[in-house]
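One structure coming up, written as structure tokens, with questions to follow.
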Amino acid sequence: MGRIVLEKVVKRFGEAEVIPPLDLTIEDGEFTVFVGPSGCGKSTLLRLIAGLEDTTDGRIVIDGKDATGLPPAKRGLAMVFQSYALYPHMSVRKNIAFPMKMAGMDQAEQDRRIAKAAGALNLTDYLDRKPGQLSGGQRQRVAIGRAIVREPSAFLFDEPLSNLDAALRVGMRMEISELHKKLATTMVYVTHDQVEAMTMADKIVVLRAGHVEQVGSPLELYRTPRNTFVASFIGSPKMNLIEGPEAAKHDAHTIGIRPEHIDVSSESGLWSGVVGVAEHLGSDTFFHIHETGLAETITVRADGEVSLTHGDKIYLTPRPDVIHRFSADGLRMKDELAVA
Amino acid sequence: MMAPAVVLLLGWMLVPLTMTLYFSFKKYLPLRGGDLGWVGFENYVRFVTSSAFWPSIQTTLVLVGGVLIITTVLGILLALLLDQPMWGQGPVRILVIAPFFVMPTVSALVWKNFFMDANYGLFSYLWEFFGAEPIQWLSQASMPSLVLIVSWQWLPFATLILLTAIQSLDSEQLEAAEMDGAPALKRFWFIILPHLSRAISVVILIQTIFLLGIFAEIFVTTGGAFGTKTLTYLIYQRVLESQNIGLGSAGGVYAIILANIVAIFLMRIVGKNLDN
Amino acid sequence: MARAVTTQRKAINTALAWAIGLLIFFPILWTILTSFKTEATAIADPPVFFFFDWTLENYGVVMERSNYGKFLWNSIAIAGGSTLLGVIIAVPAAWSMAFVPGRRTKDILLWMLSTKMLPAVGVLYPIYLLFIKLGILDSKIGLIIVLMLINLPIIVWMLYTYFREIPGEILEAARMDGAGLKEEIIHVLTPMALPGIASTVLLNLILAWNEAFWTLNLTAAEAAPLTAFIASYSSPEGLFFAKLSAASTMAIAPILILGWFSQKQLVRGLTFGAVK
Amino acid sequence: ETLTIATVNNGDMIRMQGLTDDFTEKTGHDVEWVTLEENVLRQRVTTDITTKGGAFDVMTIGMYETPIWGANGWLVPLDDLSEEYDVDDILPAMAGGLSHDGTLYAAPFYGESSMIMYRTDLMEEAGLEMPEGSPTWSFIREAAAAMTDRDADINGICLRGKAGWGEGGALITAMSNSFGARWFDENWQPQFDTDAWNETLTFFTEMMNESGPAGYATNGFNENLSLFQQGKCGMWIDATVAASFVTNPDDSTVADSVGFALAPHKEGIDKNGNWLWAWALGIPAGTQKEEAAKAFVEWATSKDYIELVAENEGWANVPPGARTSLYENENYKDVPFAQMTLDSILSADPNNPTVDPVPYVGVQFAAIPEFAGIATDVSQEFSAVYAGQQSVEEALEKAQALTTDAMEAAGY
Amino acid sequence: MGRIVLEKVVKRFGEAEVIPPLDLTIEDGEFTVFVGPSGCGKSTLLRLIAGLEDTTDGRIVIDGKDATGLPPAKRGLAMVFQSYALYPHMSVRKNIAFPMKMAGMDQAEQDRRIAKAAGALNLTDYLDRKPGQLSGGQRQRVAIGRAIVREPSAFLFDEPLSNLDAALRVGMRMEISELHKKLATTMVYVTHDQVEAMTMADKIVVLRAGHVEQVGSPLELYRTPRNTFVASFIGSPKMNLIEGPEAAKHDAHTIGIRPEHIDVSSESGLWSGVVGVAEHLGSDTFFHIHETGLAETITVRADGEVSLTHGDKIYLTPRPDVIHRFSADGLRMKDELAVA
């Protein structure tokens, strides 16, 4: 109950082709995340699925039925907006009840569902408040509550956490993941935060300028990014990309090594450089290293105990088994070695 | 969805406009039997060449300009004051906005009789009290008096809009300017005033629309004497006092042209400000 | 500014603001006071402020002379009716301008405003003839339509600016939740824009209440509102300051009281998009 | 039936509104009043009559409108009034001014001329005496100067200076007649470039500057009435109806020291500077309620109505100047200003108002449609002279130009 | 040039004492970060230093001179606001020039400084744009540029990055750090994001309800938090706090172990539990573990290769040398063992 298939979907705004013909299948029950840089068309794609934008061409099939021309309310989907889009003049209860009221559901059933959703989302105490009297996280939950009661075949989320502060974001991220575990309903989730994508997704769809760059599980993308774009988009801090002679040594135009795959020493190593900024997080330390002759900056992650600082000489050794090789057109080359 | 409003307004504009245009090319004297045939541009020529025409344009501009200047300047100052912390802000605001609720006729009557009357007006008591010769407001200072009355009516409107605009100014900007070494006056000049530009243009636009049509105030106070005959009033005289519909209609067309010149000028400013 | 203000500064602000507020309010206050004086006290030299024999005599005279209740009711019906009708027509127009803007939207908006610049006297004749044809001379419905048309541009503009502040996402959420256009407007848009609508309604009530040209010229006995009522007091014979004051007070009191009670709404909403 | 009646907001009309129950009782017709200030009223009824709007069943109009409208066939001719109404009782000057081609088109509610009202006490103090009959302007000027005591806030003379053809315009026109001036010659050529006009305006301005109240340029009937009632005027030349107000002790502080005299004239000229006016009731042609309207007009302008007012308010307050019989009534003879009012009315001749012949009818106006507009403009120019904003010569020059222009526009 | 000393500074808003008497010294050239939960008085403290709020009591000494009564502009400090507080009607150039214009500096010198600041901040191409036409990060830089040109003796930042998205925030964080390295001017920086605090600060001041809870270098706070508040505030994910018998074993009321100091195994260990949510970041995996009998959730960090999922049984072993002990009043107890 919630399989969404896009067939050659195209979206143009006037002259601008925001989504070139695109095929995508979202399986029932899957947590799919759309990631990509700002303006790449994530929201547009989501809104096409929701029916809030009309497709210029192509078909959208939901649960086997062609939904291309259906109005949003008829598609059986629920959406959670970035701004939450709560109705500020209605109480939490009324907000949650609104879609049911629109569907003309009887009062008893409405009350039952509200109670259930409020219980699940810890909102029982706030049902009579107005959204203005809630914290960001609570508002977020109300928005989810409003989506849940419709018992949709899929949830659509458009950057639902981007308005929250860092600490709350982590909490809400977990809540949504747990909700997905509990409901096992299809969820399509848009973000441009790769950490969210990695931690929440069953399947990540990486978009660039309306094109799908790669589809796969988080760890697939982390381990075998199909091109330099995906490679540098997935993983934090970013993968170091090195061109030139050092890449040539691996028969590649570009090689990529993730910061966590470089060993650090103050005495010896394959490469050397000077510490620029050292970010001591306690648990880890990130060094931004200059003057390596490889790239402008090489970022490496060391554990919390290393105590080099700004200006110190540093030696780096990449782990050979996790070096990614890319050709001149940015595509991944067949692995020399097995990926660990 | 826009259609009903647009169609209605289009009708409201076009029907009278067409009829006005139609009349303006006619010799139309109701008291002499009405329609006396087509006369081409005669009414237009007569209207502009009449000795009252250019002075009326000047009067119109002086009135509109004077009121605009006074209401915006005082409006800004008043808005700044009302934005300050004080006791009884609500009641003060009530006092300040009250003139806006008063009918133009009533306010003209009140000013004319209770304040500007040469014999019983409070102003003449006041002048006499200070040993000065009372001013014959409505004859010797007719335009300033008129501007004063109209400004009094419109000051609340300007103040309210400017006040909401001032309140919307991000206080961090003012603090930033303070950190940057700008004293109060410069903060006003460089930060507050530019922030208000949009509100000011809205005030100017809306008020101009209403001020161009000012009628009751002149009718009640001076009846168009002593150089207070605006274009609107001149048309009133032609249509209703002289009962020359053709001539008045030609005047109406001129008024529309003037209004549109002013409008285009204003819309340029406001339209630009509405964008960003 | 968050910075604490010294009590002294606050006291100065308070004194200054109250002084200016009272100055601005004074003409109205004076009118109200005068309405309780005898004619002789009204023109006493020097003027008396509070210490005189208060009398209701003037109100008695005015009540006896004119059917105040009927004028009042007509004013309420006409101002209320035209505002209501205007809002009903303007909501869809403003909705489409705000949420489905086309390239011409701003032009249409400004064009609508420009229709307000038609000089009323210039088109009195055509409109009068039209009203005779339609048989709505001296009828409330006729005035309601005219005043609605006059104020429609203002209503549309104000609503447009309030609607524009409503995030589109909320309307989309409503659409996802199964609301049709009607439900969207009734359940979501209107309640959310309620403060703005309230202030629009207020402003237009005031404008319609005080409109003095059309209400005077298109009515006779049946539909005449308070503007016509005051027109019978604007120059009676002999000593009349006190009676004039009583009549003026009666003409402005209802809207003044309404305005005062709802000044918060008015102040909050009166932005015309001057504030983003 | 319910009649809608447009009327002016002066005292007599207001009084009539209070008495309408009598009409309703007698005829069964109801009455709705539309009471408006004079200028608003004039504009309102004119619009309605010219467009045949039919908003009113009875209109209060003046001597200026009636002949013009009657000529256009817009008014119901009042040639079949009832026997007991006694049309012939109407003062001939009034009937004449309200007729066109000998047909009466509006019935006079009251009529007025203008006369001098003066303070007998102040006159005495000044050591002067008002001559019998019409005094000369130079006497008036002299007396005014003598009575003036600015410290005591007494102005020797109060006259209308307010712009508007029915305000200051009426006074200066009537005055100009007594200076030998006229508005138009027989060929409709404006005459402001004549010496007579120059003299009129110069004399008026000089006298008022000497002895008039401050700000007289904006004073009209009401302002002068208050001034006079407050004892701030030595003399006042204005409508005869004012007499009842200035002698009413309720409103007037000088009620028992008012004398009356005929309006003045210039030496050697046998026209007095008084005007003639009537507020009359007319019925727009095409009204659905002609019968009821006629009944009303008859009621309001009848002898019975006069009796009714006298009963309720006393003889001093009856509408004057309309009927001969009133002045023959014994009760009315006691009213101090009655005779002077009648004399003034009788001394005005609308058909022959000026020294030199004119092509128009009307004492202080010319009964042509263009007059109201022109005279308003002209009187505004004059008011600007009174306010010291331009010279007499400038004003007359402008008046001449704008009158010529307007007459041209009207096709003369 | 930029030593700031607060002596018994008190701030009351009406009745509410937001800052109780507080002593603090910020050394010249130091990068000091104020952290603490929302509403703890960070902004107020910064504004007191800036002169945007008047102190209720106490003294503020800047560079040895009493600045308590001085107006903001006279203190020689520059401030960067959370909302950037750019002047929207002025071009970038004018924005940056504004403080110099106010100081009446001559045009040539203004131009020189603008050019220099714009160069340093990569703003040269945008000098003629209005702030409305800039991205969040660029606006941030303009705000900094406006601060730099005044060559202040210290910079004050109030949550300058909180309006930026995650990726930009990381970038800007580094830019500010590098700027500090370059200028070596005192900087006082307010944030409630502990990662920012850790990575940027020379010295962190942890505030709670206007009180200073601890002052020290990031690693000092990470390693020896003075109380449970600091312990759970510093470090991400949060330190696990365990009470009860397990704590008693260490003679403490509460013990704290950071997620990165717990070893994970699917076979054996000291404690056991069931995996709740597993967040796979590629480089690392965070497990949220339930049913341990120790606390509701224990969070642990494992490296990227561990592949346990939801519902799996898991075994945990804390590293004994980095167990923090706290007494019943929440204060740190003397270490049993040396801290590594």
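As written, the chains take the letters A, B, C, D and E, and residue 1 is the first residue of each chain.
We take it that a contact is a pair of C-beta atoms (placed from the backbone, for glycine too) under 8 Å apart; a residue touches a chain by one contact, two chains touch by 3 or more.
Chain labels with UniProt names: A, E = Multiple sugar transport system ATP-binding protein; B, C = Sorbitol/mannitol transport system permease protein.
Everything numeric in this text was worked out from a predicted model, so none of it was measured.
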item: Partner chains that chain C and chain E have in common; value: A, B
item: Leading chain pair when contacts are tallied as C-beta pairs; value: B-C
item: Chain centre separation (chain B, chain C; CA means) in Å; value: 16
item: Where chain A and chain C are represented by their mean Cα positions, the distance between them in whole Å; value: 53
item: Between chain B and chain E, centroid-to-centroid distance (C-alpha), Å; value: 56
item: Mean-CA-position distance for chain D and chain C (Å); value: 39
item: Residues of chain B touching at least two other chains; value: 120, 175, 240
item: Chain C, residues touching no fewer than two other chains; value: 2, 43, 124-125, 129, 231, 233-234
item: Chain D residues counted as touching two or more neighbouring chains; value: 43, 47, 51, 226
item: Interfacial residue positions of chain B with respect to chain D in the complex; value: 27, 29-34, 36, 46, 49-52, 117-120, 134, 136, 138-140, 219, 222-227, 229, 237-238, 240-244, 247
item: Contacting residues of chain C [partner chain D, same complex]; value: 39, 43, 64-66, 124-125, 128-129, 131-132, 137-138, 216-217, 220-222, 224, 228, 231-240
item: Chain E-facing residues of chain A, complex; value: 38, 162, 165-166, 170, 174, 177-178, 181, 192-193, 195, 198-199, 218-219, 222-223, 234-237, 258-260, 276-277, 279-284, 286, 288, 301, 304-305, 307, 310, 340
item: Residues of chain B defined as touching chain E within the complex; value: 170, 172-173, 175-182, 186, 190-191, 194-195, 197, 276
item: Complex interface listing, chain C residues touching chain A; value: 167, 169-170, 172-179, 183, 187-188, 191-192, 194
